[in-house]
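As written, the chains take the letters A, B, C and D, and residue 1 is the first residue of each chain.
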């Protein structure tokens, strides 16, 4: 339950990677695998988009933002946004840009947050809010509805800001919100998002993330910038081949759905422990129980998971695509044992 | 009442600058004026410190911080800190570092703020809190007592963080807290501050700010870094000569005190307008009245001042060293007129 | 003879600064002095240009370049360009951009230099040459003719590159090439230069340099970027007032001319010392004599000057606007004495 | 013959990656695979070193350099160094540091190059030369002998500079210089190199490079910096598992040797075409023939390879670990055909 990063990769995806190792291919993305993967992204989103692959999630985010920002601009996001908290200051160092963070109780940014910073635009003393970055699903395991994303995009665009979506856990969000390409489009391309960090690693891939430009004009310099700030994978076909597999046969939706289902199962099996404070079923693949230190330690020793808010004894259980009902049964049993201590 | 930046320079300081223009002098700070100015800083703080001059306030802050930060470090400050709000993202771009902002009602950082971020140290996913930056007097016109600064320094140092003080309005703080070198030392060098941005421009200088290293080990590379990130003034003597004047005959304290006195006079002359909400006398040289839009506009047209919190009709009146009682009388009269509208 | 940075400021300019200290003025350049100074720049260049003031020469260069560069771009310049050698790596750190340096025997970039790097454009593995930066007068005391500048601009523009001119010693160049606004225009705005760093400090100012955008579209974000990367002088009128004085009554041309004349006088008085290797009269205000170590040291002890190429015993004598014939006589006499050692 | 980046990955390495996909493992390098891979690096170099994995070659170089540089430092390298030419300006943007390039006819830096820049140390106007970066094998396919590396390290260390080796093609160098751990040590750890970018991708890996700190004190902040500037791979075991395979059974040396052998075979089979100008056998895995445009195009259409110096009709043929004698025969035959055109 440590993280969806602790899972391995789906066997079909690994086999796709192995198959891609058959012969020489032009380096740096000039290969047939990359061409096919891009077409599959076009199909997924229902029109021609611009898709570029990078190594990891932080890379996807900084590349997307680098294409959206001008000097002296800032990014508006929640104070618990992954870019603000969990990327070791990469956005500030790589982009040289300020993150204008906003408090949020549920992990979601609100149109009001944008309205409260737009007055900075035009004032040379302030970094200029230029991009709104939202995370779907959020770092707190909540979801923006398509309508909510659209409302944010409308306000942002009205005031001249662009919208970036950090979709490190997009598979879980997509599975939760309809599990079809149409559902996925409803809260991304159709809602007005300009650039999407499309997460593959947490969804079951060995390595490699995608940046999808719905606003293709922003991709003008993306290849130069990718080479400069995120390292360009020479043997690109190995990333592309995995995405070809992921985007076929609904695997992307299935893997996200499986992780979600397991979090729900874990919720069902542990919600009767009132001390955990698990009041509502999870939207996606994470639960945030409250556990007293001694019990928490016993449980972590058995199967590691991260603390979330140490001062308040909050922890994070996170399920991955490869968790099974049997795993959940065992873990729920261990929880029961630990709580007896 | 627009800003202490709108004032000119004190005539004695301008004359000192003129006198320094008598002959050739070695460039880049290798001159006798700079040597003398440094000695005066040593005298002011009671022991040998390391003083370097830069052009402006943002330069002083980024130079100080650049000497204190290592890669992947962050700076802890309030969310209204000048470095966070009013330097157009210079710290993020020039330093490549995150500002870890904390909410504050009175403009002051609290020891608890440090305690709530120190858990990030040692976790590679987070930028590492390494420097605490406080502003004295604060952006809200409040003051840290010597005891409060010491408490912050103690907590910071205990957890391995350094302390920077942004003293853009240090003259006002020093005047308010005792108006002697001893008083100044009590909340800076004696309280444990490591590096101080010593403000001269708002105190009555033409141009030039000082960075004073109490922790002189941090100044190891300061000359190289100054040249690289803040531009090095070739004709340094023109800055140094002004500081020689400012630090002699208590001029620094007197100018800060005069600005403070005028803010207090303005408070006394306007506090009876209950709608302004001026409940307590100012600590230094600023008042934050509430004024309805029509009245505010009429008053601003007559004598410009900045809004502070537009949504809540809050404005900032700021007095400078060159404001006289007559100016205050006229302005208070204008306020009365405007409020009648 | 150390540097034109070792000179003071012209008395008329200092007096203009003193006069500007008469009252309050809006800060940050919203003042009447700045407005007037800008109009004088328009007059000087014969049409509406965009002029912004910064503190120092490195600031002027990085601001100009920041407005001209996009991510992953590079700047083409000679290997002895001030930006490449004497700014402590500021361009690389502040701009995050590569300087694509080219060897040059005479300090001048050639059209061929541009042609030899343009093949990099379009190749994502290379930083993209996007700006040509030339220095006028050059670091070696040579001059580009108006025709040479035009040829560079033509080649640059033909291949999609912009042209920046570092005019830290523009006054000397302008004086040498005609000493009229028309002459100045011929090798700047009329030749196709896009952005000019207009030097005032070496020409006789206390502090402050100007960035002049002939290609005004490039100035779209200049105010935000200036605030972010070069510090914005709050009491801007003190810079502007000096420029008003400098640009009136041909003072700019006169001061540049005086420095040039004194270098020529020094050349005439020392060229008979064959060991110095002063074969041709100086174009502007510097001479590069060869002096054996013992003699050089004796002379430097008497009146400091910099070595230029220590391995080859080359030194730099540089005259400033305030050098007189009497100074030259004394120095030439000292040279004669030193060479007898 | 396009590039060793165009090759796939060695089947044994791919199978190692597949095997690592068996179960959950702690993320971010806290796994048993990474532990084992590190031990194998210790064995390879004969003592405890510090090894960290990154995604790609540019990442390895910027991470190594970031750990070696302080603010206002510069890196000394040849003008054709990969970091200077082929990383799209990543070092300048990510590190904010100047690359002090030196001309070189054979791709190798000389002790004299260091001596000619050390005078900059201590002069605040110049970026401070602090790291020497050499590439082994060089971008021109030449090799530093162990003695040459030692001479560079001695001069560098004597003057207070550190030494970085970019070993993107270290396997080819190691194979050419003895093909044993002892031989590898002789020109790396034993010669005084401080930090090594250890290349795996060109040697036959799917993805992932290693940074090896022989000077382990420099690795103090490496994990924080890696997370910040190069993206940290969450599923690190997939990189580590490949290195475990690469470092066992001499595979690293064998793959490097096979690529070298094929370049030599190609040389033997084409050297009789005098127009190609292939005068000496290749040191490692590249040849730089001269081919007239028409013939070059015909050959490239048949099997793509890169031009090297277009103006002089120079091209680069580069062999990889997976090239066979049959491939060479076919290519040599195609060369003969093309040259008849």
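Simple rule for what comes next: a residue touches a chain if its C-beta (ideal position, glycine included) is under 8 Å from a C-beta of that chain, and two chains touch if they have at least 3 such contacts.
Because the structure is predicted, anything quoted here is derived from the model rather than measured.
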Problem - Identity of the chain that, by mean CA position, is farthest from chain A - result: C
Problem - Contact-richer chain pair [A-C vs A-D] - result: A-D
Fill in the blank from the handout: Cα centroid separation, chain A vs chain B, in Å, comes to 41
Practice task
For chain A and chain C, let me know how many angstrom lie between their CA-based centres, rounded off.
Solution key: 50
Handout entry: Whole-Å gap between the CA centroids of chain A and chain D
Key = 33
Exercise for the section: Going through chain C residue by residue, note those that touch at least 2 other chains and give them in order. Expected result: 28, 71-72, 87-89, 93-94, 96, 124-125, 127, 224, 227-229, 232
Handout entry: Touching residues (chain side chain A, partner chain C) in the complex
Key = 28, 66, 70-72, 96, 124-125, 127-128, 221, 223-229, 232
Problem - Residues of chain C touching chain B in the complex - result: 2-3, 5-9, 11, 14, 17-18, 20-28, 54-59, 87-90, 93-94, 201-202, 206-207, 224, 227-235, 238, 304, 320, 322
Problem - chain C residues touching chain D - in the complex, by the definition given at the top - result: 71-74, 85-89, 92-94, 96-99, 101, 103, 116, 119, 124-127, 310-311
